[in-house]
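Take a look at the structures below.
After this come two complexes, each holding chain A, first together with chain B and then together with chain C.
Right, the complex of A and B next:
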């Protein structure tokens, strides 16, 4: 009897110790946003699409300012070279040099795949800081690749988000997501993202390889590899204009 | 005898009018329903064969599993070799390449920016080869509402409804946005050479017709197409022949597995046509059976009423010594004449109404807005050879059966009772 009381006391004390060290889920989200977001960023990346007819690699360079402005130029393969995308607020335009046309992507087209990848235009447009549009709770703890994580359950606080619910595995030390599951309002799992090769860049942790898998689509998923990323650069204002699409 | 009975029928309207009216109604409805269902079914098979299924179709295993989504990434490979083989193995059939795909048509303003957009259902066929039969098969020239058929690469046809929605007229440039066979974004400018209306609601909403070489170019296809369609030389679908061709082809490729292996489907295997055709055939059989039964019951009752009305006449004929069998037979002969007259008039009326619906049809296109199967927008009847007898025979039989049932009472009359009746 005495032995049992001692064990219970130890467990209670230990639990209190663990929870005393915890921070709130929304604070975790803020720290994650601090790692992933910046005033602006310039990324050179490769997208390796593991499709039904083999792998394809699409190279691009993107300029992003805050959550509202983004410009992407595709550099390879030859067929896609010169294709550009511009996001201003909730509008998206695409320019193709072959047609010399600037076409607005809207409505259901936003849910279509970008270049046959597992990413949609909506995914490309979604730059909001997580803590500003989601409310989080800690649902549990897990270990991914020998890293202890919190499992956060995110519920959208704003309407019309592409994913009203998310589940996020957050690295407890580096405050970086290691896995994300994106859900529809109905609770159906839509996409899974695994974040790999986390590196320290300009004093922040950043995953340089992300594996996207659209679970409703057959295939082996899409790897998004960051070749180079720089934060808080001087980006000329004309980059984020429709005129730059045709340049 | 015949002359005597005919005179009786014509002079005594009470004896013949009601049964003839019933038979006319039943027969004309049967003939009309038969022609109507046949017309719709025939059009449905014809439309599906020409625009979508062929009489047989070769696709990949993976494409078959997702055919509704028109997955160009699961297109057939080595098409030149495959086409040469099927043309050699099945020389009496015509084999054509098709690509079906989804995309977005974007109409520009005068600055070249998006003015209007609409989803398009792309159908790539051989429009430009000198010996192509596809233009005739798809009835393209007669379906053109404005403009003309494409005469060179880079020209397309779009549905008149889509053209109206996008406010595009022939001669203007539009941009197609779709994806290549490898999943890349594909954008291409085309001149709208004309607008079309096929009378098939599923296609008239947003069809886009272009030459197959244009589609191959934009979708980065070299020796690939999404479908190879086979047609019997007489243009008529024959399920037995199609099954033979299908079994032979699939047996030759039974060792090829994987999602890119070719597989042959026949018309009935596609668009849920088998279950639909079987269902409609069952409905026709049930309709005709119910009609014969219902008419027999009605005519039986009519015969009973007639029998009651002619109770005295029958009694007198039996009392003066006419045999029961002879009286019974005369009633049956009468019913044959009544059935013949009613069936003939009913068939003429039914055929007349069917002819009207064959030529004019009824427009149900508003109800077909969300139809996924290729139903014609205007439902038309079709007069076939069975229409001349499909109502006539049951009309005649039901009249005779009705009379035979009601006439049984004659045998139950007793001679002693007859004299009592005559005395009163």
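Right, the complex of A and C next:
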């Protein structure tokens, strides 16, 4: 009886080990992309910017289709209400109700932070599927918030990616990143993102709170809280047009 | 002289106008001269070849405004007659805040610009950098300090490294100082993945016949200094309001004196006319008398003005701290420049205005009846 238990335990442990070893880093990335990406998504969210003079909360609603199209309308605070942003491919437009004008954001302006947050316009625009533009290897294992993770090291396969190296802590069960670190070419750590409050939504795991931190900058970072998210909705085509900015 | 104390008061105010106009215009000319010399020495040399997409007033163009140094200019660069400079944007984090800066790459051994680039010629692990005093003050750095710089290379890939300040220079030209970090050209080219590329190429001496290349345009002094000239001109207009007011006061006093003089000397005027002088001749007489105020004022102005103006040209006028943060070259001390043309033109302007003002009241004489005038009846 004792031997039977030992043998079963060994088999179970061995099979887990085999399973863990079996899956490649790139397959993990694919599974992560499958969780985070959808044909389209509609998100109502809050961005809490922790600044030196206190916190500021910006509420918005975004419609996103694939990686190319995105439309965001800011709902609060009052001074940002009505500001809209449209991303089409590698172009970004912003409508400001105060001036009733639409401007294209390009060049150095893309590097400015969005509403004083730790996110730049460029960061908002970069949402390629990770497995399509990075090559990954499993560099180790770690435990984050009592969750066993793989540590993946990602190296860009394209020469024009903003972050040539990334480190990603992937939840071994739910295939969700719990932490991501973005590195410069020289290896300097530039940004850290912590993914929290992972929930099951429409059959997929999704982090509903993300904390972005520009590590070169002082401060507590910026929290991105998902209040509501729906996937694969019927989004009318006009949403992703410049005309909708002024509506 | 007939008006006694009033004459001397008129002459004194007029002489002030003389001295202040010459001094003020001398200061502006001196400022203009110094600003031009400093801008040439520190920034534009004998003119600049701009990459065709470069526009210093449009930061959007910076990402694309770089290209290989044209082979036609390489010989001149090797001879030390041209200096390529690469410009790109980066982000620094002074006090933990994000700040966009311009990185400018220049050959440490260059001799064309007054920028002290020699300290860049050093072998250290970090990237050596020199900055101006304004930049050093704004980012709170001094020689020997380190700072992390983040940039994106030609492919848009983020990179970051530490720079070390190896020198802080003081200049009157804020456009080579504010928001800028100077690095060795080869290091910046490597950082940006832009080997042998530049954004601008500065000439050592004024170029009369620029070398024509397909993607580079030569900008001469007239073009590069036009903003400076325009700014000085607007300053000159603003400043002239002060001496126009002073001149108006003097003119009002002269006008008043002339009116009073004609009133008091009616009998004299009547006698002149009775003795056969035409009205025109009498008007001329009084106009010349009035105009003499101007000449007397010029003499008085010379007595105290020449030593004062000379002292100013030697001692200079100290500019308040921070004046040069306005965006143009301003020396700590401005030495006024007085040209012969300036003195002659100012004298002529004042004399002509005094003559006109002296003439205006004398037109009353034309209406006078000699008999009534001799009787002393009020006109």
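Just so it is clear, the second predicted complex is superposed on the first by the 226 of 247 C-alpha atoms of A that agree within 3 Å, B and C clash if a C-alpha of one lies under 4 Å from a C-alpha of the other, contacts with A are read in each partner's own complex, and residues count from 1 in each chain.
The definition used in the following text is that a contact is a pair of C-beta atoms (placed from the backbone, for glycine too) under 8 Å apart; a residue touches a chain by one contact, two chains touch by 3 or more.
Everything numeric in this text was worked out from a predicted model, so none of it was measured.
Clashing of chain B with chain C is the outcome of superposition onto chain A.
Of the two partner chains placed by the overlay, only chain B lies in contact with A:49; chain C stays clear of it. Once the two complexes are overlaid on the shared chain, A:177 sits clear of chain B and of chain C alike. Of the two partner chains placed by superposition, only chain C is touched by A:159; chain B is not. Within the superposed three-chain model, A:207 lies out of touch with both chain B and chain C [touch as defined at top].
After overlaying the two complexes on the shared chain, residue contacts for A:96 are found with chain B alone; chain C is out of touch. In the superposition on chain A, A:106 contacts both chain B and chain C. With both structures placed on the common chain, the touch criterion links A:221 to neither chain B nor chain C. Residue contacts after overlaying the shared chain place A:186 against chain C, while chain B stays out of touching range. Two complexes overlaid on chain A leave one chain B stretch from 25-33, 43-51 or 277-285 clashing with chain C, and it is 43-51.
In the superposition on chain A, chain A positions 106-109, 113 are in contact with chain B in one complex as well as with chain C in the other.
By the touch rule above, chain B contacts chain A in their complex via residues 62, 73-74, 104, 106, 108, 112-114, 117, 119, 175, 177, 179-185, 187-189, 220, 259. Of all residues in chain A, those touching chain B in their complex are 49, 51-54, 56, 58, 77, 79-80, 83, 93-94, 96, 98-104, 106-109, 113-117, 242. By the touch criterion stated above, chain C contacts chain A in their complex at residues 59-63, 89, 91, 93, 95-98, 100, 148, 150, 152-153, 155-161. By the touch criterion given at the top, residues 106-109, 111-113, 156, 159-164, 182, 184-186, 188, 190, 214, 216-219 of chain A touch chain C in their complex.
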